[in-house]
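Below, chain A partners chain B and then partners chain C, in two separate complexes.
Up next is the complex of A and B:
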């Protein structure tokens, strides 16, 4: 048997390079209408009156009165209206659609809609807590009584925009009585279930199809459900095919972003300079709706010990509502904020204690058998020590670190350690998702993978086929994985949370094993459903137990040079070592590694987005700066194998792991270069100048 | 509905312009962005447009004994590659936009756009660039600093076209352009700086300083520069903080989505210090 990690040509490479791949905006239907959105012009207030212009024949407005089902977008926390009825909670909130055959005319009509408001005072401070969580491990904060020293710091993180290549969009049409939607989405069944509730129809009256997707990064997890519900209501009313495409600027102004956070840390340190416990509070800005924010907060809180074992914890957090654009899912999902804070905190504690940070961190590094932050157990082997040695060797870390300690040096090197829990937090997989997959053998001897997993560029159309081909021992060409269509594939869950290969791929592998045994049968289908490993127990209310079935681990090292004249950080290079269990395709994993780290490093020092009184200041790709290859220097990645028993061939999660450590690695490097402490990200030249001047 | 006109020659363009007002489009690399529309809808121009980038009379680079002339619609990338182009201008173009945009964008367009963040304006002010401007009935020459009158404001009559940019050939001892942008390529400047000096027998014979993106247009003050002509290099260097203080009041940047005024001011002056240090 060959090694499955050996790379094959990516399934979608030829169609994308040649331009043949069809994205949603490439699909043209006869009599296509266009929907544009009328949006609020204030961040908070009551809608007193809506005055529509006279609509020509064939032009329609679609709003709250047209919603035949429940006027709320079904996500995890259902608090977002499809169309608001009486109040506005953020700037550019969608209020109604104008639909018609000529897009220019539709735009003209949108501009003529007059909405009268009674403005109310918008809330931008983080005072309105909608969700509060608290949990303890060991003696909680009571351990602080035994502390020899207490060290406390506060950290802040900013927005991050997904900046996927393809803005959000849908087309939809009525097929008999069935509303059919084709969209740029990550989660076909989230969309389908939201639309069923919005229209108040039967399950078989809604169909959702995925075309080629130009990137998502979490940005197409929950937001598309809002668009889909609005469009479905319009289709139900007008009974014409409708296209609803966001332009880049509209997309950036109104879609979800990474939650800004404020993280407070206190550490109790004993007389041997060992950490007894942490007391931590995390605040995140949800924007105008809760949506997924509670789940984002959970992941952040659970990551509060970083890659270390801390015996006693008192952990709390709040989701704050503000009159700003709602925030949501983004690769890492609460973990990037926390890894920045906890990695800097560990560094700052060591410096305050006058100990070499590396020695101090190694003493606290988590080991197999240790208790997690939620009193679960790291059951599987942790090979971080070996990986750290490797990372330091390939980057020449220690020589450089010593050299850059020189006060006259403008260079720095930083190293982050991290893990990422694979799959949904807590019992989500077993209790909420209950993934189902099917494999179907057809008469012609082909095997069809029937799952709702979306290939948004990360390569699942290639890697899932490899798993099945390898198990059944068929050539790759005989395995078919068409784009998901909810009329034909079961709900294998959303394409999120680094779960697709480990969870969905694990189920597909189980189905493939059964199919192989029955392969002499001419035509048949095998179905598998997720079963939680029996030893995994978790209580969501108390945050106690195993929050994840498995963990991927990683190390990022980043080297920088900070110009003392301009305070500009130049990234000289980066080195990464990852344990993702087993790479199903080495080149695809390395691609995720480069892209994820680029996004993570940029989160730490480059990407700036902020609002002033609810108005986002960076609203296009000219002003929202993401890195180019020139900004990153050479990147080297080494993969370690450490198979997980329930992942296919031992595979664990990849996608998010590669992002979460980037920010602290670059900010630690900057910290060494400027000899000042970095307390917030992005660490822009403006911020570094302030530190050099004053701090 | 706006009309577009594509002239076949410069005289055709000037004749048409004499009769009818048009918005001129050269490479369009900023103008099309400014007038962008929803995708699939036409560009949102507010008045009729004339596309002049293809006019051969507006292209080419000629090297004379004392000066070089650059066609107003010569693409930036071709200027970058031309052997006669002054090094300072090459260094600047290399920092502008991306190669793809530089193949479309033109020097005349960057001037007429008159953005406070227009990178090429900084070396052009420093080199006392002259512009040749034509209408149907006359040709005139104007200094770039007289031509740009404010933020996106220029002294161009509705019937005129910029045809050439004329640069003196100057052999500076040292000439530097520094762009401070949010990333290493393909971004709009937070600020920019150009400095040039000519030294003969240890005496400063020419000294020029220009700053971009820190005022409504490029900051250049010959009356400050001339105070240091015929000083020795050592005297110039000893006067570093004095020189910085003379420029301080003219650096009046703003806060915006790209940076803030404190940063722009401090870094502009740091670049001036660094330039003097490295003479």
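Up next is the complex of A and C:
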């Protein structure tokens, strides 16, 4: 048997290179109409009156009165209307659509809509908690009584915009009484279920299809459900094919972003300089509705010990509602905020105690058999010590670290350690998602993979096919993985949470094994449904038990040079070592590693987005800066194999792991370069200058 | 309205249109050349890059009036060339494609770079790509793809 990690050419690379791959805006339908959105001009207030311009024949307005089902976007809580009826809760909230055949005319009409408001006082401070969580491990904060020393710091993180290069968009049409939507999405069944509820129709009256997706990174997880519901209502009303495309500015102003956070840490340290316990509080800004914020907060809280074992914990957090654009899923999902904070905190504790940070961190590093933050168990081998040695060796960390300690040096090198829990938090997979997959063998001897997993660039159309081909022992060309279409594929869950290869791929592998045994049958289908490993038990209410079935682990090392005059940080290079169980395609995993780390490093020092009184100050690619080819220096990645029993060929999660450690690695490097402590990200030149001059 | 004539992917074309329209819209709407993508609409991301008289331009920032009598090559036209085949192979071999939305623009940028500088240094490649944003790859595999194309092309540029 060949090694499945051996790279193959990606299924869709050639068609993407040639420009032939069709993304949603490339698909043309006859009689296509265009929908544009009328948005609120204030962050908070009551809608008193809407005055529409005279609409020419064939032009329509679509709003709350047209919603035939429930006027709520189905996510978790019923707190987001498809179209608001009486109040607005953030600037640029969608109020209604104008639809018609000529886009320029539609635009003109949108600008003529007059909305009268009674303004109310917007809330931007983090005072209105919609969700509060609290849990303990061991003696909780009672252990602080035994502390020889208590060390406390506060950390802050800013917004991050996904900045997928393809903006959000949908097209849709009506076929008899069935609404079909084609959209740039991560989760076909989230969209389908939301639209069923919005229209109040039967399951077979909504169909959702995925075209090529131009990047997503979480940004196309829950937000598309809002667009889809609005568009479906419009299609049901006017019975014409409609295109609804956001341009970059609209996309940046109104779509979900990474939650800004404020993280408070206290550590109780004993007389041997060992940490007894943490007390921590995480606040995140949800924006105007809860959306997925509670789940984002849980992941953040559960990551509060970082890659370390801390025996006693008192952990709490709040999701705050403000009159700002709603925040949501973004690769890492609460973990990047926490890893920045906890990794800096460990560094700062060591410095306060006068101990070498590396020695101090190694003493606390999590080991197999240790209790997790939620009293679960790290059951599988943890090979971090070996991986850390490797990372330090390939980056020449020790030599550089020593050299850059020199007060005159303006270079620095930083190292972050981290894990990422693979799949949904807690019992999500077993209780909420209940993933199903199918494999179908057709008469011509081809095998079709029928899953709802979306290839948004991460390569799942290639890697899932490899898994099936390898198990059934067929050439790769005989395995077909078409774009998901909810009329044909079962609900294998959303394409999120680093779950696709481990969970969906694991199910596909099980189906493939059965198919192989029955392969003499001419035509048949195998279906598999997710079963949680029996030893995994988790109580969502108390945060007790195994929060994840498996963990991927990683190390990032980043080297920087901070200009002593301009305080501009130049990233000189980065080195990473990952344990993702088993790479299903080495080159694809290495590509994920480069891209994820680029986003993580940039989150730490480069990408700035902020709002002033609810108005986002960055709204396009000119003022929201993401890395160019000039910015990040060479990247080197080493993969370690550490197979997970329930993943296909031992594979665990990849996508998010590669992002979560980027920010603390770069900020530790900057910290060493400027000899001041970094307490917030992004660590912009302005902030560094302030630290050096006044810190 | 104005009469606009130019060379598009090697063929003369003519159309009667508003001279302020963006070249990007004319290519996508009037000629169905949807390999040319709109990522930002303000000349920052390079997803809409095409060649105008062998120079890379962002078609979102070019009014069609400025194209009169010029020679425009889009990814659809470039894909008919030997140089394209070398670059395509290199992009595939090096894993330079993830979501693919920036890729046609990256191919145009690569051709534009190599056309002027057949043997660029790594730094020159980075400068050559700096007008094209990619959010998936971190760029390294794209840089390696261009280095491979230079090697595989063996004097093609």
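Note that the second predicted complex is superposed on the first by the 695 of 695 C-alpha atoms of A that agree within 3 Å, B and C clash if a C-alpha of one lies under 4 Å from a C-alpha of the other, contacts with A are read in each partner's own complex, and residues count from 1 in each chain.
Operating definition for what follows: a residue touches a chain if its C-beta (ideal position, glycine included) is under 8 Å from a C-beta of that chain, and two chains touch if they have at least 3 such contacts.
Just so we're clear, the structure is a prediction, and the values are computed from it rather than from any experiment.
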For A:247, is the partner it touches chain B (first), chain C (second), both, or none of the two (neither)? both
Of the two partner chains, chain B (first) and chain C (second), which one does A:573 touch, if any: first, second, both, or neither? neither
After the superposition on A, what does A:630 contact: first (chain B), second (chain C), both or neither? both
Check whether A:686 is in contact with chain B, with chain C, with both or with neither, and answer first, second, both or neither. first
Quick check on the superposed pair: does A:138 touch chain B, chain C, both, or neither? Answer first, second, both or neither. neither
Partner chain(s) touched by A:311 [first = chain B, second = chain C, both, neither]: neither
Touched partner set for A:217, first chain B, second chain C, both or neither: second
State whether A:622 touches chain B only (first), chain C only (second), both chains, or neither. both
Residues of chain A touched by chain B versus by chain C: which partner has the larger set? C
So which bits of chain A does chain B touch that chain C touches too? 25, 247, 622, 627-628, 630
Chain A residues within the chain C interface of the complex: 7, 9-10, 12-14, 16-23, 25-26, 28, 162-167, 212-217, 247-249, 456-459, 587-588, 590-591, 594-599, 620-622, 626-630, 632, 634-635
Interfacial residue positions of chain C with respect to chain A in the complex: 28, 32-42, 44-45, 47, 74-76, 79, 87-88, 91-93, 95, 97-104, 107, 125-127, 129-143
In their complex, what parts of chain A are in touch with chain B? 25, 36, 103-104, 107, 245, 247, 565-568, 570, 606, 608, 617-618, 622-623, 625, 627-628, 630-631, 685-686, 689-690, 693
Could you list, by residue number, the parts of chain B that touch chain A in their complex? 33, 38-41, 178, 180, 182-188, 256-260, 262-263, 266-267, 270-271, 273-274
